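You will see two complexes here that share chain A, one where it goes with chain B and one where it goes with chain C.
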Partner chain A sequence: MALPPGVTAKTFTDATRLFKEAVGKAWVFTTKADVDLYRDAYSVLRGEPDERVASAAVAPASVEEVQKVVRIANEHRIPIYPISTGRNLGYGGSAPVLSGSVVLDLKRMNKVLDVNERNATCLVEPGVSYFDLYRHIQDRGLKLWVDVPDPGWGSPIGNSLDHGGGYTMPHFRNHFDSHCGMEVVLPDGELLRTGMGALPGAKTWQDYKFGIGPVIDGLFSQSNFGVVTKMGFWLMPQPDAYLTGSLTAPNYEDLIPLIDILTYLENSGVCNGMPGLGSPLFNAGAIARDPELAAIRRKPGGGTQAELEAYARGKGIPFWSAQLKFYGPEKAIRELWNYSKEKFSAIKGVQFQDGPLLKLPLTAEQIQSKLVHRTEGGEFGLPEFGIPSLEMFSIGARSPANPEPRWGHAWFSPIIPRTGEAILEANRVFADAARELGMPYDGFSMPTTYWARSFIFIFGFPVTNNPKENAKMRGYFRQIVKIGAEHGWGEYRTIPAMYDEVLNTYSFNNHALGRFHETLKDAIDPNGIISAGRYGIWPKHLRKTRA
Partner chain B sequence: MQRTVIMAAALALGVVWAAQANAQAASRQGAPGSHGREVFDKWCAPCHGAGVGKPATAALAFKYKGSKPALLEERTDLTPEIVKYMVRNGVFTMPPSRKTEISDADLDDLAAYLSKGKPAAH
Partner chain C sequence: MANRREFIQAGLAVTTAASVAGAAAEAATTTAAPPYRIHKVIYDERFAEPVRFAKAAESLGLQTHAISGDMTALWYHELDGLWREKAVAIAGMTRHGPMFCLELLARDRGMRLVYQAEHQIAEAEVRHTVSGPLANLRRSAGLTQSGAAWPELMAGLVADTPVEPALSGAVGVVTRTEAAGAAEEPLFTWVIGPPSQA
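Let's look at the complex of A and B:
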């Protein structure tokens, strides 16, 4: 049996016996076969000596059992690592950051505790998945939507705590922002409720976020100060209809007004769905298909503006495209699209295409049609309609374009400003970096628009079962994290193998932020039992010197 | 070698449960309402079900090119052992399932359902 670092076999055996008393023998896993189920299926360290692996797993079914387990761990100095559904694949999955930790598997805490249709809120436990919450709402015929991320098997609690995002309106897309109220088991086993939940008998725990005093909910996201056992969320009332409209803009420099107008429309609440950005000229397929364009893109800087414009003129291909999306009453959203077109008409040569108007909810036939399945060539994806799915896992799966399946993926995803200039600069910087590092790369990337006020610029890295390939990939990843930071672009979320590197880039004033985390860690979790190393926050006894 | 690095925006795509389960019911084997089938519907169907947008079904269709059914529920060559191995080990981007998700008892029923009651090989 693997042991947690610094823990004797006797102490571990004693603790394991107590865990069994706390949660029942069947829910403490110590055999190699059972513990192997907690390996991160998408680990970039797969099969290497440094792969982060658990020593055991404990699966409580209630808050009281979580408290018992945490108290036992604290008394015996056993590192524990809470997971919710354990499906944060690409960001660590169900494996701990510190090898030898005992995974605290909260999957059995799978109750939807409340859904309030009148004020569109819910309260859930960590083991509830998006599929579960969706089904709970559908089974009761409630007219509510859940903003879902790509992996429907993820947990609303786990996803929001890791700053995940979805695809409906901006204030729901940011899953942490859309939460309201938490219950947390602290490292000494004490139970805490945040916001209005701190008021005994409160009637508004899921309705008002702040309660009184400092808002501490953020401390429990991307961190290791407690075990979140309940969380409330604001849901989206089912809208009447969904309308899309597309536009193209012909010239290189049009990107700048295009993004400014789009940002104005979003910040004003006119465009209330998640926009899509594209480039008919630069999409990866176009570059792969046309050697002339590929040759221009291989030049330093990816070709000059003049070269690219000459190419685009010659081919008659517009540089940029955008798809706008609107939720609401049919009459209103038709007018909002008309108003948006007026605004975009300031760009010379812009062309519009009216998309379909879909009445909501979608019918069963529509849900099964290609229209709402992008891997089938559809225009939309189910998450735009609040419907959970696993379709994104086609990425890396066996297909004609990908005959050799992959073993996972990891995302490099820095936050960049919401401007056309930033998109062009990020592409130049990362394309040059790719050339310099010898990192295979074949395109031009448009950012994704999950968040209000910023963009995420995403690189996908495949994980293979070849340690040499994975090591090379980690080397690239490390380098571009650094290059991004040198340009003022920081990661919003990352893989456990990069936690320390990424936190180190947030180094303002001699790492004041990281030092503050450590001050909190020492005060709240002096024995350092919870999720050691998560997002670069290490307990005192495991702390390394900062780079 | 395939491109080892892609620049791509994450896709936003999906599946729905109940409607699809109903649509598939007519063509499916196994006693309706059997527990093994419920386990399949809950844990396997989002990737391995019938219909559009099922990544594992699409991957197996490409792999077998008609030599075997892409749908696990239509396979006649699955043994309980194979089903159990795949669930507990995963393959490629399919992760293993933990016992807090699919218990050993659930897995027995799932394996019986997908192997159509075929005995385990010895």
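Let's look at the complex of A and C:
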């Protein structure tokens, strides 16, 4: 078993005994069989000496127990690594960043503490999963939706603290943005509440985000300054209806006005669902089916505009497609779609297709039907209705670039500007980079539209059970991160194996941001016990080894 | 404790050609440790082998549940509530995704993947990679002789999986079959249940 670095076996044994006194013997896990369960199922270092593994795990049931564990860890200099449901697959899972850390498993803290239907808010503990919160709301017949990620088995606290996103309205899709108030156990065991929670007896902890003075909530996201033990969220009132409509645009350059119009409609609140962007011409299936198109795409730059346009004209295939989504009263959303069509009509040759309108809530039969299951050719996916699902694990993700999807993937996910030009440029740059590096790359990628005001350009690097292949993949990943940063595209989230590299790209003014993080770390957690290395924030005693 | 070579050789000594029903019944032999009480056998109805596996499981008195790849509804509406009350074992033949999800969800309730067999279906053979209790590994050797009846053999095997610790490592076994086309992705037979306390 890996001991925490710098910790003797005796100290570790003493601390483990004290952990058992704090939480109960049954909730401290030290056997290999139990600790192995905290390995990252999608680790990019699987089976290698550098694979990040825990030394033990402790599962407290209450805030008081968390405080005890943190104080014991501090006294004995034991690094701990809090997880909520441990399902952050693709971004690190349940394994610590620093091997030998003790995982602080918060799954037992699984109470939905409050749901306020009148103002659409909730307060939850870290072990509450999206499924748990959804069930809580459904069982009580509340007319509220939760914006869920896909898959939906993670926790609102864990997902939002890692800046995860969802699929409904923009102000709920950004899960950290939609939080309101948190409670945190600091590295010295003190209990802190943010926002209005700092006022004893506050009646607006989940209603008003700011409280007084600096808004410090962000310090606890993608960081290691404390253990979040409660978090409030704003929920979505159940809408009356849901409507989709789609459009295609025929020409290469149409992407630019298409995105500009879409952005205007979203920023104005006209289009209030999560839009989908696609390319009938560039999708991987089209390229795989037609050797002529595949040959064009294999050229440097992916083929010239003239070549692609000639091909598209010849085959009658539009370059771009978009699906718009609207939540609200039926009359209103029909008019909002009509207005959107008027705006998009500025693109010559645009074609529209009216999609279905669904009255809400969905019936039990609709939820079971193929209509809302994309794997079965459905129009929709359950997350668009605030319903968590694990359906994506049944989708065959197999491709020439990813022949064995079961070993997982690591997401490369830089933020790019919300313009058609940026989509085209990012595709050109990354496709060229993939070709030069000899990386497998499945053609054109349309961005994900989680966020208002920007796009995420996301693609997955496959993980295998072959260490040599994984090492090669990590090399590609590092190169792509650098190339992205050189073009002004920074990652929004990344895997632990790349935390340092990604933080290093945020290097403005001699890495002022990283230095500021370290100043805070030294002040708040001088013994560096919480999540050492998370997002590249290392405690002082480990910093020199990371240089 | 038998090593890998010993139990493969023991399997090669099995010469009886199994009938469809016979393969299942033959595999369901008693072992020293009591077997898991399997609450339900889950199978992916999109593929022929799991359908046969399920039929054989039913002939052994087990309840079955069909999925089309997505196990969400089964877990949300049945297993989640059941597992909050008590740790009950389930078994299945599915692709990797449903097994992976159910394994992780079951872990939250103190259960583990206690038996797993991966079936890579190639043109004229099926390559099985098996891990779990020794008794199951021994009986998996019967796969070399099972021919096309291997799904039925797996049904008998999961019906009688003993509550025993798993051996570390995995073993490979090959079944020769008639040419029927390779499968895109492997299938998995699995048992999830409370771990042995031995």
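The definition used in the following text is that the second predicted complex is superposed on the first by the 530 of 547 C-alpha atoms of A that agree within 3 Å, B and C clash if a C-alpha of one lies under 4 Å from a C-alpha of the other, contacts with A are read in each partner's own complex, and residues count from 1 in each chain.
Operating definition for what follows: contacts are C-beta pairs under 8 Å (C-beta built on N, C-alpha and C of every residue); 3 or more make two chains touch, one makes a residue touch a chain.
None of these values were measured; they are calculated from a predicted model.
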| item | value |
| --- | --- |
| Fit or clash - chain C, chain B, common chain A | clash |
| Touched partner set for A:Tyr339, first chain B, second chain C, both or neither | neither |
| Which superposed partner A:Phe131 touches (first chain B, second chain C, both, neither) | both |
| Which superposed partner A:Tyr506 touches (first chain B, second chain C, both, neither) | neither |
| In the superposition, chain B vs chain C on chain A residues touched | B |
| Partner chain(s) touched by A:Met446 [first = chain B, second = chain C, both, neither] | first |
| Touching partner for A:Phe393 - first (chain B), second (chain C), both, neither | both |
| Touched partner set for A:Tyr252, first chain B, second chain C, both or neither | neither |
| Partner chain(s) touched by A:Arg374 [first = chain B, second = chain C, both, neither] | first |
| Intersection of the chain A residues that touch chain B with those that touch chain C | 33, 37, 41, 87, 107, 131, 135, 153, 368, 373, 375-376, 389-391, 393-396, 398, 406 |
| Touching residues on chain B, where the partner in the complex is chain A | 2-20, 22-23, 42, 46-47, 51-56, 58-60, 62-63, 88, 90, 92-101 |
| Residue numbers on chain A that touch chain B, as the complex places them | 27, 29, 33-34, 36-39, 41-42, 57, 59, 86-87, 89, 93-94, 105, 107-108, 127, 131, 134-135, 138, 148, 150, 152-153, 167, 274, 284, 364, 367-370, 372-376, 381-384, 387-400, 402-409, 411, 430, 434, 439-448, 458-462, 469, 472-473, 476 |
| Of chain A, residues touching chain C in the complex | 33, 37, 41, 85, 87, 107, 131, 135, 153, 368, 373, 375-376, 389-391, 393-396, 398, 406 |
| Touching residues (chain side chain C, partner chain A) in the complex | 67-73, 75-76, 80, 95-98, 100-101, 104-105, 107-108, 184-185, 195 |
